[in-house]
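Each structure below appears as structure tokens.
Here subunit A shows up in two complexes: once beside subunit B, once beside subunit C.
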Partner chain A sequence: MSYETLALAAAFIVLGPLVGGLLAGIDRRLTARMQSRQGPPILQPFYDVLKLFEKDTTIVTSLQTLYVWCFLFFMVISGVILYLGGDLLISLFALTVSGIFLVLTAESTNSPYSKIGSARELVLMMAYEPMLIMVPLGFFLVAGSFRAADIAAGDPSQVIQLLGVLIGFLFILTIKLRKSPFDLSSSHHGHQELVKGLTTDITGSDLALVEIGHWYENVILLGWLYLFFAPLGVLWALPIALVLFFAEVLVDNTNARLKWGTTVKASWWVAGLFGVTNLLVLPFI
Partner chain B sequence: MLLIAFLIGFPALVALAVAVAPTADLRSQLVRWSAVALAVGSAVLAAAYFRSEPLYFSVGEGLRQLLDLAFMIGGLVVAAVLLFSCRRVKGKEWAIPALIVLQTSLILVAELGPAHPVVENPFYVDGFSLLMVLIIGLVGGLITLYAIRYMRDYHAHANGVADRQPAFFAVVFLFFTAMFGIVLTNHITGLFFFWEITTFCSFWLISYSGTDEAIRNGYRALALNLIGGVCFAAGIVWMTYSPDLRTWELDTLIASGGAVALIPAALIAVAGLTKAAQMPFHSWLLGAMVAPTPVSALLHSSTMVKAGVFILVKLAPVFHGTVPGLLLALIGGVTFLATSLIAINQRNAKLVLAYSTIANLGLIVMCAGVGTTATLWAAILLILFHAVAKALLFLSVGSTEHLIGSRDIEDMEGLVYRQPILAMTLMVGMLGMFLAPFGMLISKYTCFKAFLTVDVFPGGGVLLLVILAFGSAPTLFFWTKWMGKLVAMPRREQPRIGAVPGEESFALLVLTAATYISCVLFPVVDWAFIQPFTHDLMMSGLIPVGDDSTPWETVLMMTLMLGGLFLLPLLFWLRPPKFTPISGYLSGANVAGSASYRGAMGAEREVAARGYYLTTLIDEQRLTRQGVLAAGALTIAMLAGTLA
Partner chain C sequence: MSFLKKSPWILHYAATSCNGCDIEVLACLTPLYDVERFGIINTGNPKHADILMVTGSVNEESRKVLENLYAQMPDPKAVIAIGACALSGGIFRDAYNVYAGIDQVIPVDVYVPGCAARPESIIDGVVQALGILEERGKQRKRQRKVALS
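Let's look at the complex of A and B:
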């Protein structure tokens, strides 16, 4: 833990939402262009969230707000651990806790739309968790440590060694970013069968907090992606990570939504095929 | 030494006294204060030998022969009682008396043999057994306290069940005698004698209600545990007649290590697997659900299954770095993976808990099979955390069942609003079972790290890691689903339910606090109990020297998370936000104050949303069959592997 990493962690807490919001803005713009639309301004996500804070907040139960705060708290902890150069596995655990609290937020209402959303979110968590755990394991086998700082200072060839794990991670990144074909738990389009899924009964400032939480999450996921390439130096690693990150937008726009059963099976197959095989052959490369 | 004699002897005397107590009131008082005495006794023992190295106690020549004789006669008495209990067997259950006879003749072959090995030190204490004594005394004591009131309610609810409460509490105390015996005896036939007592007690307690289902399930538990007993007896015969290793002392068996010890160790490990309800022997623990809830809590948390993993962890140095050891770890792994998945299918709260117990024991078996410093650390902490959290969960489910009249998860919807204290204890128990920063996660973290360095044969470690990764995901699913039900807003005004009786809530609240505190103080537990134990094994070269300390940064982050989980609700309670309450979105005109809407013709319609049980993805029967086959094959391979 050096001053540099302390500064990075502090920057994550303060600037994380700004970067995450920008990523979301660019995402929406890219999507629009792919669909031959003009699209909103890059800063639109910020306008949206600021407006949400202005609105009245309605709740089904006051516990909802507590769960939303817990969701945000653990999300920030997860990012702080990551950007402090700390333990990737612990960061992952915190990320999981955060996800659980979002599910509880949705479960604590009595709207069936919200509940189906949360049940599906849980199914998705179960689908991506094994592959997500394999990422730190792969890093440990290559760099000999779970610590992000050690991994970033590793050997530039690590991305080649962990190619299978990277492919698996990109696959589940689609789920984590709630992109098609895996956006079953929350839909961006009001007219679809789930209304808004997870966030159906979250309004006003609570919804704004969930949005901010998701911005943090995107920055964390970008950080994970960055770690694969980090030993190449920031000049290479950051552009590559960004390109791969936005490649998810293309996936989003070219795929139809899958059913939950298919999603679980597909994710576990990918985790087995790419992740496990990669870990098994690692001693030989 | 006197303390040890107290812990083993006192519960047996209490058992006698309870059985003959003239009035129910006197019996309750006796049970209550004896439970307290046991808890105090175990705490005193732990304090007396605090951080001591393993200590062995020898006895004089005369007493030694007396002990040998006592264990033999005691064993015969247990066998006779078991045979007598077989009078209601039917169908395939005829195998049970056959197993009893087989096991008794094996043990007699060892005991009556010419000049059997001499046991110099029949009793011992070390860090691990002290921690076990604490778990048995404190958690077991709390469960007994809870049982006093629960059993009274149980008989008020259950019509047609003969009230055999005196015998019930006598058997419970006998169980404690056996458990203390198992964790403090170095004398292998003594260990076997106590082992058989736990088999008998669990059988009796499972069949308590006397219904046909209870009796069948009791026999199933008896049969499976007897298979383990036969293997245990065979191991003792081997240790009596083997030219390489003639000993009746547990520590000599462990210390001799390597190929000589592997055969008896593997045989005893099979006994450990049956008691720890691992596949292919797991079905008895599921059947044990018919017993009254305190029995389930006892079997699952502080006694019975913990005896199984206790012996496996003790034997871990023998298995360390061997192929049978890896196979043992894989048996645990198969069990962990299969039962975690099957638990998703379950709607019955007690079955969810049962499957989760089996899965967690599988994790402990994985650790024991690997047998490095780090995995032993993880295994012992898992035993502690699991004992506390599982006892809490079972007792909470028991109280909930008495109040709402159902153990179906779907019926617990909105418990947070109907009975906040029970919902809170359930939630803390669940958090303790699967979420960071609670105990289980600390152990899992260590497992991940430790399995990364297993190199018995290429890919062995990765295999264990993958099992752990794939098995953890379903765990997340079924616990969160249940938590979601508890916190859900009820769809309509629910009938009010009564309060939890005083003694029951005392046990629940103490266990809740213990779940929290054991997470905060796990470095202390490590320092006080685990380090003295593993340090000694490392010094004698039985397990490789390894670093089992947790980085301070990890501890800091865990503390931060734990603090957040405590402070956020507190802040929220002190300054609740003032938002407008509405009812949930139903895509229609809501009827005020409920989850109903006006349908066509103005009729009031209530919405319903049930949990996901994923039966199309996970087939319980197929998965059980596959798991049993795989684990059975691995067990046979493990036994065969010792001969190679």
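Let's look at the complex of A and C:
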């Protein structure tokens, strides 16, 4: 590993959460505006996390903190691999392992809300994972490589060739970002029936770490979205990716929550209809 | 610099309230008052909350719940009593089953009067609680330092 690679990795570790937090802040402001409210300051997510570090951390089980750190660690690994132009598959596996650790965190406590949250999160993983694995597969069939750097330097027509996969990815992006209609596992707002589900028993600095993990996740997902358009050049790709990313806010605000069964069926149908079909017809495009 | 003031998360508990004050509390979240401007979020989870808002006259049944919720909130925390019933028992004060104010059950920092309390005065109460919360935050920091050394 060269010094340059290490510097880039360090840059991602520092800048990742800054960008991710900013995305979350813009998200909240946009949501407020859509509900004709003024909304919080753009930097509100940072205030929230810094506040959480000032609060006491109540520990339900000593494993909890370890799991949260593992969640954050694998999330960072996934992001570093992706942003250094590494193997998409490995990045995806790290992302999944990170998700599993969040489920373990919730499962390790006694709260029934937390248990339901973790059970639902597993169902959601089952729902989005088939489509998510098809994304690197599609890229491989088009660009001939799993490496993000090769895909970004690929042919500008790849987004047309992978249109079905893109539609499927946008669908599961709603699940990954924990937006309505698929926010089953964390109930998005704390005053709803699951009182945050996954994070019910996580407090103080542990909760802050989970939030920071989610910021990294935001940036990673934006990176995946960016890859579809990357061959068009940054000037085109970044605005398109950002617009599609924030379109999720509109979806969030115009949909009620679905039941888990409907969620799984819908995402598998989309994965089959758009993802698999796209991969099957790829040789003829 | 304390960030407690910039992002107070609120837990609202209706201890056998008539729902008059509850509706006014929820009115604070509507586009007209929009307390999220100040980073205030209504959370249903005591473990995430910084400020406990209590409405209604507390009785023997709701006392256990209230004590439990208060105990589950991590320090630093503050409590606001909202409406006549929470302050003193209100018109139910002389009833045999009602405590004369929630401060007989848990320590209260800010009292917001009214029947029902107006959204403006509730927001004002929260702002006053923020000062107390910040002070508690500093205190807690000192306590942690002492505990470490």
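Heads up, the rule we're going with is that the second predicted complex is superposed on the first by the 276 of 285 C-alpha atoms of A that agree within 3 Å, B and C clash if a C-alpha of one lies under 4 Å from a C-alpha of the other, contacts with A are read in each partner's own complex, and residues count from 1 in each chain.
Just so it is clear, a contact is a pair of C-beta atoms (placed from the backbone, for glycine too) under 8 Å apart; a residue touches a chain by one contact, two chains touch by 3 or more.
Since the model is a prediction, treat every value here as computed from it, not as a measurement.
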- Task: Have a look at where A:T57 lands relative to subunit B and subunit C in the superposition and call it first, second, both or neither.
- Result: both
- Query: Can A:F74 be said to touch subunit B (first), subunit C (second), both, or neither?
  - Reply: first
- Once the structures are superposed on A, label A:S36 by its partner contacts, choosing first (subunit B), second (subunit C), both or neither. second
- In this superposition, the partner of subunit A with more touched residues, subunit B or subunit C, is B
- Task: State whether A:V195 touches subunit B only (first), subunit C only (second), both chains, or neither.
- Result: both
- Task: Starting from the residues of subunit A touching subunit B, keep only those that also touch subunit C in the other complex, and list them.
- Result: 56-58, 195, 200-201, 204
- Message: For a test of understanding, state which residues of subunit B touch subunit A in their complex under the given definition.
- Response: 416, 435-437, 441, 445, 448-449, 452, 458-459, 462, 465-466, 468-470, 472-474, 476-477, 480-481, 483-485, 487-491, 551, 553-554, 557-558, 560-561, 564-565, 568-569, 572, 576-577, 579-587, 595, 607-609, 611-612, 614, 616-617
- Task: Quick one: which bits of subunit A touch subunit B in the complex? Just the residue numbers, please.
- Result: 1, 56-63, 65-67, 69-70, 73-74, 77, 81, 86-87, 89-90, 93-94, 96-97, 100, 103-104, 107-116, 118-119, 122-123, 125-127, 129-130, 133-134, 136-137, 140-141, 146, 195, 200-201, 204, 206, 261, 264-265, 268, 271-272, 276, 279-280, 283
- Message: So in the complex, the part of subunit C that touches subunit A is made up of which residues?
- Response: 2-4, 6-7, 9, 12, 31, 34, 36-39, 41-45, 47-48, 50, 72, 74-76, 137, 140-141
- Can you list the residues on subunit A that touch subunit C in the complex? 28, 32, 35-41, 44, 47-48, 50-51, 54-58, 189-192, 195-196, 199-204, 207
